[in-house]
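For reference, chains read A, B, C and D in written order, and residue numbers begin at 1 within each chain.
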Amino acid sequence: MSLLHLREKVLKANLELVHAGLVLSTFGNASGINREEGLVAIKPSGVRYESMRASDIVITDLDGKVMEGSLKPSADLGTHLVLYKQFAHIGGVVHTHSTYATAWAQAGRPIPAFGTTHADYFNGAVPLTDPLTDKEIEGDYVLNTGLAICRRFKDLDPMATPAVLVAGHAPFCWGPTPAEAVHTAIVLEAVARMALYTALLNPECPSVSQALLNRHYFRKHGPNATYGQE
Amino acid sequence: MSLLHLREKVLKANLELVHAGLVLSTFGNASGINREEGLVAIKPSGVRYESMRASDIVITDLDGKVMEGSLKPSADLGTHLVLYKQFAHIGGVVHTHSTYATAWAQAGRPIPAFGTTHADYFNGAVPLTDPLTDKEIEGDYVLNTGLAICRRFKDLDPMATPAVLVAGHAPFCWGPTPAEAVHTAIVLEAVARMALYTALLNPECPSVSQALLNRHYFRKHGPNATYGQE
Amino acid sequence: MSLLHLREKVLKANLELVHAGLVLSTFGNASGINREEGLVAIKPSGVRYESMRASDIVITDLDGKVMEGSLKPSADLGTHLVLYKQFAHIGGVVHTHSTYATAWAQAGRPIPAFGTTHADYFNGAVPLTDPLTDKEIEGDYVLNTGLAICRRFKDLDPMATPAVLVAGHAPFCWGPTPAEAVHTAIVLEAVARMALYTALLNPECPSVSQALLNRHYFRKHGPNATYGQE
Amino acid sequence: MSLLHLREKVLKANLELVHAGLVLSTFGNASGINREEGLVAIKPSGVRYESMRASDIVITDLDGKVMEGSLKPSADLGTHLVLYKQFAHIGGVVHTHSTYATAWAQAGRPIPAFGTTHADYFNGAVPLTDPLTDKEIEGDYVLNTGLAICRRFKDLDPMATPAVLVAGHAPFCWGPTPAEAVHTAIVLEAVARMALYTALLNPECPSVSQALLNRHYFRKHGPNATYGQE
């Protein structure tokens, strides 16, 4: 994939976040990676979405060095880079402060798998990181946010659970492409909203069974998927 | 009714679900039946609504064999077929993951008849199925979902209670036609939303009286209906 | 005011209810009165709003006898008529099943005066009727709904509290004109929504003081009003 | 800045409040100040937003005397004036009855700093005034509202906490310009909404650490800000 094409896909992903109502002001950013070249394309920092163009998308290497583009990259770049390094199969990362997912992150609660909508996308609870320590916050905060996510995924498959809640902050999502990461962010928000209402209606509500999680997840994912037209 | 006409009605029903905001992504499906010919028309699986056309609607027999159409039918077809077989007077079935009704389904709570809005459409609580067992989930899951609904309606009239919540999953609605099943799905969502707020304001809120349920239900339904212009 | 003019105002009021998102399907109706002639104009029963025209608005006398119009009047006409007879200064009545106000009605709770938004329109809690008895429901239900409202207002000034919640049902609002009754219905819904969130944040939240109620109410109403340009 | 220019900015700020969905009916007002000339521009009282023009914006001095304009200024002018006098660095003030922020004000609870969205704008909880006494309400109510705000900020920096909740009433926001005050009002509403959901999910939820508050706040504000393109 050419860099121009990657930039266009990343621009489109960022605009879809706005269109889907997941970002307030300039909160939120999407990125994509070209793994062959080791280059990441990401939203510039603090630029208004209305006027953003593909040429504004910043290209960096995996250490965050700007390779192309005249603007500063998103302030959250460092977190994206950690995820690309640690999660070998992801091609896009999305960060939002979407209302309902952020509420769960702020409340310090993972989102339980309360139903099949959740199970179609996440093969278990959407996990929550530990809160960052003061030392982590005062040090390389953005990098440390990424490391906290990776610690949380030590025993989890990031492809089967393509989202996380950073405690006291907000969600990160990922996927094979920037577009799929955006789609996951949209579904996560819908799932987080239904989960809030579920928790209000039944504070002791259990998760659905692992059998149901597997049935729905593997209907849409993996070699035996039957959903859709292929 | 010709198959072409049925397809058009089923397409329209599916698009109305989207227009009413009841479906996220490709979640949700509507079907209709031609009882004389024993043929069911249903949404294809995983196709985007924006580009769906009447010719994409799949025609199957009551055993789920595709009779017309080149696409795969909705993954939920098996549940629709059980309902058509067991509920002799229904002409359309709708399945959504609409936010508020799904929250009640996930919480494992039937929706109580808290007021007259509910009573105008449902002559009692909107019932909840039992959760499926692991064996039912790992077996013919979609069929077993339909059977769980029918077990729940053993002593209920499906025409007087044209909706159900599948535990841990989401609602199914039905009616004399696909359009009426869609209308019920829209009202169910509004009723589920008001019921959530009602339950939050008064956790011990009782249902309205059977007298009030009957007064409202039979004002709109049955031989003595007085509502509307006929 | 000519009957044609009254019809147009009543049509406009009904359409504004839809535009403001207060009515679902055909739930909801607005009426107006010409007190000189003792004639009431009201929405026809069960007619779709999109196609409604001024000539569809039904004219009845205060006993509910249709004087002009070929359609059946709203099924709630009887309640409107009681209110016009008992509340001498009102010129318009509006009934909706708006989401938040209906939730309070279903929960069996009056809406407390939690703040100044409320106080600008209602000089005290929005009251709740007693539930109707089975006998009242099985008798002249629509009339009895109106009588239950009037009993609740025995010691209240309907002009200072221009709305009521019918227990297990929904709100009725009124005002000097149909347009003002609609405006009150819109504000009531906003106030009911904020009151729900307030009650969730502080279940023991007290009402504001009578001093604050009076300060806000009489800033907008009565001979010493100072709000606006006159 | 010329008065004409100030009027246009204040008009634009008022219209943005409407566009952002923060005002119901004529609730809400924005103002701006020309500190060199000691003149304040504010929305007229009770005028509909649709027809408002720059020439309708009222110019007063800091004692509230109308210097230009034929309309009466907003009924809340007196509160704005107190804020301009006490908070030397603000250039714009906004008052709304936005749904979620007002709910916190009605509930008598400050909005805790539950996460980084909050921390990006407010370096601590959004504070709550004391309720006004009956004497304050019955006296110069609008002035006393402003004085209650200032008492609450005795030990707070209004530039680091650019919003307040008036108990039983609603929020006031401010900033270097009318446009920035509007932006703060929009963010406050989003933060208040997420905070409601957070409090429902975790009634004992603590605030984030001061380290996190500072990290986010000073990333966007002050001499070491790194956010954006400058």
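Please note the rule applied: contacts are C-beta pairs under 8 Å (C-beta built on N, C-alpha and C of every residue); 3 or more make two chains touch, one makes a residue touch a chain.
Values in this document were obtained by computation on a predicted structure and should not be read as measured data.
K.L.:
What is the minimum number of touch steps required to go from chain B to chain D?
P.N.:
The least step count works out to 2.
K.L.:
Same residues or different residues where chain A meets chain B? The copies count as same if more than half of the interface numbers are shared.
P.N.:
Under half of the interface numbering overlaps between copies: different.
K.L.:
Compute the centre of every chain as the mean of its C-alpha atoms, then state which one is farthest from the centre of chain D.
P.N.:
B
K.L.:
I'd like to verify one number: the distance from the centre of chain C to the centre of chain D, where each centre is the average of its C-alpha atoms, in whole angstrom.
P.N.:
About 33 Å, centre to centre.
K.L.:
I'd like the Å distance between the centres of chain A and chain C, where a centre is the mean of that chain's Cα atoms.
P.N.:
Result: the chain centres lie 47 Å from each other.
K.L.:
Could you check chain D for residues that touch two or more other chains and list them?
P.N.:
In chain D, 200 touch at least two other chains.
K.L.:
Could you list each pair of chains that touch one another?
P.N.:
Taking the chains two at a time, the touching pairs are A-B, A-D, B-C, C-D.
K.L.:
What residues of chain D sit close enough to touch chain A in their complex?
P.N.:
Result: residues 114-117, 120, 183, 186-187, 190, 193-195, 197-198, 200-202, 205, 208-209, 211-212, 215, 219, 226-229 of chain D touch chain A.
K.L.:
Where on chain D does chain C make contact in their complex?
P.N.:
24-25, 27, 44-47, 71-72, 75, 97, 99-100, 102-109, 131-132, 134, 137-138, 141, 168-170, 196, 199-200
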